[in-house]
Amino acid sequence: MSTQVIVLNGGSSSGKSGIVRCLKAILPQPWINMGVDDLIDRLPPSLLDSDSGVAFGQGGEVVLGDDWRALETAWTKGVAAMARAGARIIIDDVFLGGRTDQERLRGHLEGLDVLWVGVRCDPETASGREIARGNRVPGMAVLQAETVHKGVVYDVEVDTTRTETLDCSRAIARHVS
Amino acid sequence: MSTQVIVLNGGSSSGKSGIVRCLKAILPQPWINMGVDDLIDRLPPSLLDSDSGVAFGQGGEVVLGDDWRALETAWTKGVAAMARAGARIIIDDVFLGGRTDQERLRGHLEGLDVLWVGVRCDPETASGREIARGNRVPGMAVLQAETVHKGVVYDVEVDTTRTETLDCSRAIARHVS
Amino acid sequence: MSTQVIVLNGGSSSGKSGIVRCLKAILPQPWINMGVDDLIDRLPPSLLDSDSGVAFGQGGEVVLGDDWRALETAWTKGVAAMARAGARIIIDDVFLGGRTDQERLRGHLEGLDVLWVGVRCDPETASGREIARGNRVPGMAVLQAETVHKGVVYDVEVDTTRTETLDCSRAIARHVS
Amino acid sequence: MSTQVIVLNGGSSSGKSGIVRCLKAILPQPWINMGVDDLIDRLPPSLLDSDSGVAFGQGGEVVLGDDWRALETAWTKGVAAMARAGARIIIDDVFLGGRTDQERLRGHLEGLDVLWVGVRCDPETASGREIARGNRVPGMAVLQAETVHKGVVYDVEVDTTRTETLDCSRAIARHVS
């Protein structure tokens, strides 16, 4: 059976987006990405900086409200349906709730062949890259670097601290069947 | 029963994206958008400017290959699944095949309460706006302006030629239940 | 003598950027744009949302501090030097201080052949377009629509309320020598 | 005397943009950036993919025409004038002509206190990062990695191959007076 979904989990500025672009370039089959940021990018104004939607604190903390959770559930069911209909999907996510988030996502992806990938990065390094990106809330990288991996089980883990994005992606690609 | 999906169909530079942003701002419930451009934006390099994926001719013509069609079908099934799971979705599309494309999309959206919206714009005006946008293949606006509406049946039609985007959006919003 | 600088002055969402893109596409000579937004885009973090730099109020008001003013003066002198060295420059600006701002800019551009262009838009229409753009502080369009033209003298004025961007641009282009 | 201009020279995907963002964040004074890409971004359509302007070959080679050279000269004179008027400027450039380009730029910056910085990156690593960025012409990174440094003299050199962007930026910042 061949891989239908690749889930990348890692904190902010850990390097997920670069890995997504590399995977799409080097994998022989066509893959598309549908990440949590893609949903945030298309939220209506009423759910941005809102208690019921998504709010970003000054220290980099992320607060998720009920409307966000309902929407995210529907979104994820749809992404799973895309995969069941034959689209190869890379989900790049940030498991703010660690293992609980993985269990919920695993439920939505039931029956699909999923490759679970942990994208790690040393908090200090991620924090430096957050500054170099210049468009992220400062503090988010450090806050998320370790908590997002708590209790999460992976098929493969990469660490972008000292390994180039393309090399991390090649390591992941070797597990894609 | 309340509207679950809004489908906007119109040619390139007819003003769909502005209407999408207005609808998300003025509709009382949270709506997210999932359009054909969103799928194009996430295609892997191998499907861009490719016979099997999506290719743009120098005169503005769009050529769609088999891999694109397979992916688009899976994508659309997923979008329908999002709507069935409770997300309110605005699909902005370009029915290059006119009525045939509507019939196919109608099939994917079966059982959902859909508002079909035609977004028209005079070809010459759309062509001028294409120049003002500066990031579209010149010629696309004229080529698509009328063909995308051939045989398509709408619940409501708007014309951005002489009506502001926000006013068009308000006219559409009155049909959203 | 031929036009060396085109100054476009108009409120937020009056349509300046579209006119800039059209002018660059239709004018026979190569023109480049250097507007106030281009300087804002390259400010260091310390001057954004800062009393000494540029701050945006919740109602759309813009507050400019001393460091901003010093930097803007140096920037404008440099833009004038580019024009004196032979680059054709379109400056799109927002004269928050009306006539005073024009006089200051006129001083920097001394000796250059400048075409002064007023870009007008009905406040209500500009406000609607602000919503359709979706990435501007709401309220700015209405606040600026008329004040930026106070006491300003133009060579040509266009009004985007009922005239398409490309047609406005053609009207301006007829004054470029 | 304090540094008025920082010139960063390095090949495509060597990491200049990240260093620019870090420098703007960590330097105590306000700095703005005016690089060669900023000029390319504002070229009129007639100078893009054009023999007289800038053209990118399929293998990543860059061809510069006469209109480009004239415009770049005027642009650079203007940037120098900004610095002379008190703006602190970071110029990020790609010396396709190596030493010759440095000599020409040195001429334009005469009288200014300039810090010359070489940004190096191993060609293979830069090539991998080019894939991870996903928006560059493949091949450019390798072609430029070494040639842009030929005969160029620096005050400080950094190598992003194994040093983080923020650390490279701190090393540069120590030379800024």
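The chains carry the letters A, B, C and D, assigned in the order they are written, with residues numbered from 1 in each.
Going forward, contacts are C-beta pairs under 8 Å (C-beta built on N, C-alpha and C of every residue); 3 or more make two chains touch, one makes a residue touch a chain.
Remember, predicted model here, so these are calculated numbers, not experimental data.
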Query raised in the report: Moving only between chains that touch, what is the shortest number of steps from subunit B to subunit D?
Result: 2
Requested in this report: Look at interface A-B and say which pair in C-D, A-D or B-C is its repeat, using the rule that over half of the contact pairs are identical by residue number.
Outcome: C-D
Report task. Could you tell me the distance, in whole angstrom, between the mean C-alpha positions of subunit A and subunit D? Result -> 33
**Report entry** Geometric centre distance via CA averages, subunit C-subunit A, whole Å
**Finding:** 40
Report task. Find the geometric centre of each of subunit C and subunit D from their Cα atoms only, then give the gap between the two centres in Å, rounded to an integer. Result -> 28
Report summary line: subunit B residues touching 2+ other chains are 24-25, 45, 134
Query raised in the report: So which chains end up touching which?
Result: A-B, A-D, B-C, C-D
Query - Complex contacts: residues of subunit D adjacent to subunit A - result: 18-19, 21-22, 24-26, 125, 128-129, 131-134, 164-167, 169
Report task. Provide the residue numbers of subunit C that touch subunit D in the complex, in ascending order. Result -> 24-25, 27, 30-34, 38-39, 42-47, 53, 67, 70-71, 73-75, 77-83, 85-87
